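Chain lettering (A, B, C and D) follows the sequence in which the chains are written, and residue indices restart at 1 in each chain.
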Amino acid sequence: MTDAMDKRAAGNPPAPGMDVELYLGMYEQMAKIRAFENKVNELYTSAKMPGLSHLYIGEEAVAVGVCSALTREDYITSTHRGHGHCLAKGAQVDRMFAELLGKKAGYCAGKGGSMHIADPQSGNLGANAIVGGSAAIATGAALAAKKLGNGRVVVCFFGEGALGQGLLYEAMNMAQLWKLPILYVCENNQYNEYTHFRETAAGELADRPKAFGIHTETVDGQDVRLVYETAQRLVERARRGEGPAFLLCETYRYHGHHVGDIDRSYYRSKEEERYWQEQRDPLKTLADWLSGAFQVHRSAFEQIENSVRAEVEAGAEFAIQAPFPDLSEVTEHVYAESPDA
Amino acid sequence: MTDAMDKRAAGNPPAPGMDVELYLGMYEQMAKIRAFENKVNELYTSAKMPGLSHLYIGEEAVAVGVCSALTREDYITSTHRGHGHCLAKGAQVDRMFAELLGKKAGYCAGKGGSMHIADPQSGNLGANAIVGGSAAIATGAALAAKKLGNGRVVVCFFGEGALGQGLLYEAMNMAQLWKLPILYVCENNQYNEYTHFRETAAGELADRPKAFGIHTETVDGQDVRLVYETAQRLVERARRGEGPAFLLCETYRYHGHHVGDIDRSYYRSKEEERYWQEQRDPLKTLADWLSGAFQVHRSAFEQIENSVRAEVEAGAEFAIQAPFPDLSEVTEHVYAESPDA
Amino acid sequence: MSMQNRPMREITFGEAIREALAEELRRDPRVFIIGEDVAEAGTPFKVLSGLVQEFGPERIMDSPISEAAITGMGVGAAMTGMRPVVDIMFGDFVTLVMDQMVNQAAKMHYMSGGSWKVPMVLRTTMGATRRSAAQHSQSLHALLSHIPGLKVAIPSTPYDAKGLLKTAIRDENPVVFFEDKMMYRNKGLVPEGEYTIPFGVADVKRPGSDITIVATSSMVAVALGAADKLAEIGLSAEVIDPRTTLPLDKEALIQSAKKTSRAIVVDEGYEQYGVTAEIASVIADGAFYYLDAPVKRMGAMNVPIPFSPVLEDLTVPTEQAVFDMAKTLCGRV
Amino acid sequence: MSMQNRPMREITFGEAIREALAEELRRDPRVFIIGEDVAEAGTPFKVLSGLVQEFGPERIMDSPISEAAITGMGVGAAMTGMRPVVDIMFGDFVTLVMDQMVNQAAKMHYMSGGSWKVPMVLRTTMGATRRSAAQHSQSLHALLSHIPGLKVAIPSTPYDAKGLLKTAIRDENPVVFFEDKMMYRNKGLVPEGEYTIPFGVADVKRPGSDITIVATSSMVAVALGAADKLAEIGLSAEVIDPRTTLPLDKEALIQSAKKTSRAIVVDEGYEQYGVTAEIASVIADGAFYYLDAPVKRMGAMNVPIPFSPVLEDLTVPTEQAVFDMAKTLCGRV
């Protein structure tokens, strides 16, 4: 944390003007993710959503800060806690909801659900329900980008729990060996499900990528400006062919591991939750800064919030009304069509 | 290397007397391994041995130095290049040969062969033909030792190629997390099969275990005294409950990746081979030291060499004469007998 | 094993699992559990709730998210004096432990010529219709059943679950134990106190004479439901559950088919190259001269399991589908 | 695909593989190979020798010993515009890549509702009797054939190997390609120039009328040898090779069995829950009313593969054993 805070203090304040717009845009995106996730929770508790979802609330600054440093052509891979990544990379709220409700209009035609949102249009290679499961996929996309020389960068999002998966180390080794344009973004939200990461990870997390010689930085994941500035530097570095980097973001999920995880007292305290929610909220932090540095009025934030809420409500309504896939679709898309041999 | 050499220079010379015996014993073991492997090569080239073998010649100081720091009750896991580990941990030459020839008298009743020698009597949990495949098995044995409080230490031998396997990182994390009594011994013989390790490993090898906070040391693996002294320190540390350690040994295999790998010019030079064989030979290095420090006469080494050669010849002869397993044994030992339910 | 006089209680499948584990943990100090969120959380399915309170964190060990390594550590610990029970949360994750199970655990005893043994249990789950999508819904027991050196149990009732799990823990070999996560709350009669169930012994869940329905795990209830319906139209179905796919009680399955002269095999794994293939071909061979109709297979549809409830429900054999198939096989239109 | 007029050459199975790869590497700049020791070393089997000289190390990439990651990187590269051919040295190591193949590659297209495709090939080996023991001798194609979303090819001749591999590389889906390492030096006629072989089309390797022998990979030669012997005693065996286990040409196998009314299925994977089970049950069902004898299965023995040559040779079906089985099925004593 201190590390990250030092960096924040040292960071040059962005030039005004352009940055107000930029950061108001990030505020909007974070607000949209939060509104989206609140609606997901509501759909779940009112039994309108099948299955479970892992809410991203509290971690918005990571997805938004990182994805703001990417072009639409750049790629991401996401996780079981992936709604924020997908939205920040450019997914639409309505088709997201449709997917969560298993509707034909969803990003995966209803076949993927919450944990598998994927979208070629916005460069989303897909969320993954296997912890760490996309580490190599993302690295392979970076290999392809390098081979094709198309200048694209790949971001691989994962929780700190994925540091338990050997695959990640195998992939990072090759990324560094071959200087692939990839940014590994570790969202350390402190918990692997119901277990604190200190109980599952020996040593310091940031030392893991360093073992492969990968350039590594740690930031306060609750400060979208810091996340953005750092990610941008690392993404541009990768784009210039200087190889992979690892961005460790300290963050927190406000809700349970999934929507059904209500009683959390056996693994974390209310005080801890309150601390992060009250002292470290990414929306509040950004709003405070915008208000202070640029005299942005509170009403501007309210307006944004109202607008994203309306978008979310409309999106959810669309999804609720949307039809389920036709039953015949169950056997479609097992295989892609191939040329005749 | 310099690192390792510094250490050697700094090491206190052992008290005379006891150590002459100790080191003459190590010389004998190294000589035995070398004689054994030369015989294996001969058996292969004369078509008396089925399949292939991966010779340990050149790396003798690692197995002997490390295993000399262990009790018979301590455990090891070994690799495809495992003859040296097995012999150093106390396996008999005759039953080793019998196994290599697929005979009933072999350590695995002929069912395992060169890559699967295992022996409960000498604490050998088994060689493994999956690169890195025993990383977790060894760590699990260390977990059991800790749970049972039996004071045993486990040594997990592997080549530097195993650093490509994610399993090793998963296992090292838990070893450190739970302070398990295990020593990871990485034999960096410079090559993964036919590829130099610098082409397959990013960063510095020794940083890999350090990423988990594991105590790590690098030694000249051609100097059995250094290997032994370091291993002993690390083994005793583990035995005291101070947790795992990682010992990186710089070494070299004189022969091919396996007995059939004769033309090596496309991946390494004759000069390099000659350098290691002539300047860094572990037997010669030890003999020189013993001659210098204790005036051990050359004839003593010759005597040892003659005696191990005789043992090897007799063991090979025993194996050649030994019967194959009965055909009915093919279906035996698929399952261990279990109590009636 | 005379259970008859024992007081019986109704407990859930999940409770039966927990009882088996608790009893074995008490009985044998070598037994321990390792897995993700097994201790305080008691697993996401809450099946292990309370165990850490009784046995402490040394015996109910929370691990990192490292399926391959905890499995391999199970192998090593089993070889050196412990009886590990490794918990793999979702059966879909057995893909991560295949090397440790297939190339290590399964072969250790044989490769060492009988020198080393691997008495460990890998507990995991199976079963679809939980709206968990393609990576959290599979029933991958066929993958493990293919491998000599492993044993595979796949219980269908609380009674069987408890007895088979105790047997698994006492077995000297690596056993993979598949629990259908949709059955954890199903209730069934379980006697008080100690009992075990031998591996490789099929159980007739309902005797019958017109057709044999071989069913595993959750499909046993489906088969029993179908049998009820068949009874209504005057057809007597025998429902038989192999309980372990490896070893497989071929004789019992063949005998049943010989008696009824017709057979259907129902299993929740993918149909292609799955458990239904083995069992159907064993019966088709062994009862060849007695069969009046081809042996029919009903497995999960050969598609990745879709999220959308309307699609997911199509992928698993249903009572109605089994009923229809049985009726057709018995020549009713 | 009229091959008749093409000049034919005798080349080895290994050369056929190399030709297919070289041609596809030339034809399509998106194709690249990644694996351990594939470049200068040309793999331990020397099958890729010379490719790096023509195509350079960017397209023939030596990797660390990281089977899981190179497979997953294949998935990611395939999704984003490349056509990776991932080399897994020994088929036994597919255990290490199961998650990437089963949970990722196989499901990507379906889970994404058809948005993403994974046109990659995983080449690997199979086959025993090389004295390589339990972890380097298995034929694990059944594990992959179980998984919807994958395709699995298992060629038996140089001709098929070349044509199927070219089809695999051009396929838009993940294909697992199993090469019997004992066949690399076997020779066969291969036409000059371009051809492909469609997936899911079985090939009659020898027509016959008394009994059908379905055989895969190395077992085709075994079956043909048995057929020669059977001819000597006046029995005409039809040998048919499915060539791909997934998709499986069920119709051709059933038709052959209907014609001959007897069938044996021979495959080098473990017999239990293996490829023989699927094929036998497909035939027993589809040809039920035509069969004069039960469909018999001959797979590898259900034991970890032993090192000792005298034992190892027992584990694989032989010409003599197939001959004996066929003779018995045909009622000859």
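The criterion applied here is as follows: a residue touches a chain if its C-beta (ideal position, glycine included) is under 8 Å from a C-beta of that chain, and two chains touch if they have at least 3 such contacts.
Note that the structure is a prediction, hence the values are computed from the model and not measured.
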Remotest chain, subunit D as reference, centres from CA atoms: A
Chain centre separation in whole Å, for subunit D relative to subunit C (CA means): 31
Between subunit B and subunit C, centroid-to-centroid distance (C-alpha), Å: 41
Computed distance of Cα centres, subunit C from subunit A, in Å: 37
Touching two or more other chains - residue numbers and ranges from subunit C: 63-64, 66, 68-69, 92-93, 96, 99, 103, 110-111, 133-135, 148-149, 301-304, 306
Overlap residues in subunit B, where contacts from two or more other chains coincide: 108, 110-112, 116, 128, 130, 133, 163-167, 170, 173-174, 177, 199-201, 334
Chain contact topology (line, ring, star, complete or other): complete
List of subunit A residues in touch with subunit B within their complex: 163-170, 172-174, 176-177, 199-204, 207-208, 210-214
Sites on subunit B touched by subunit C in the complex: 75, 77, 106-112, 116, 118-120, 125-126, 128, 130, 133-145, 147-148, 152, 154, 166-167, 170-171, 173-174, 177, 332-341
Partner subunit C, residues of subunit A touching it in the complex: 50-52, 99, 102-103, 108, 110-116, 128-133, 161-166, 192-195, 199-201, 266-267, 324-325, 327, 329-331, 334
Contact footprint of subunit A on subunit D as seen in their complex: 32, 58, 63-64, 66, 68-82, 84, 99-100, 103-104, 108-117, 119, 148-149, 151, 163, 166-167, 170-173, 196-199
Footprint of subunit A on subunit C - complex, ascending: 36-37, 40-41, 44, 62-66, 68-69, 92-93, 96, 130-136, 301-304, 306-311, 314-315
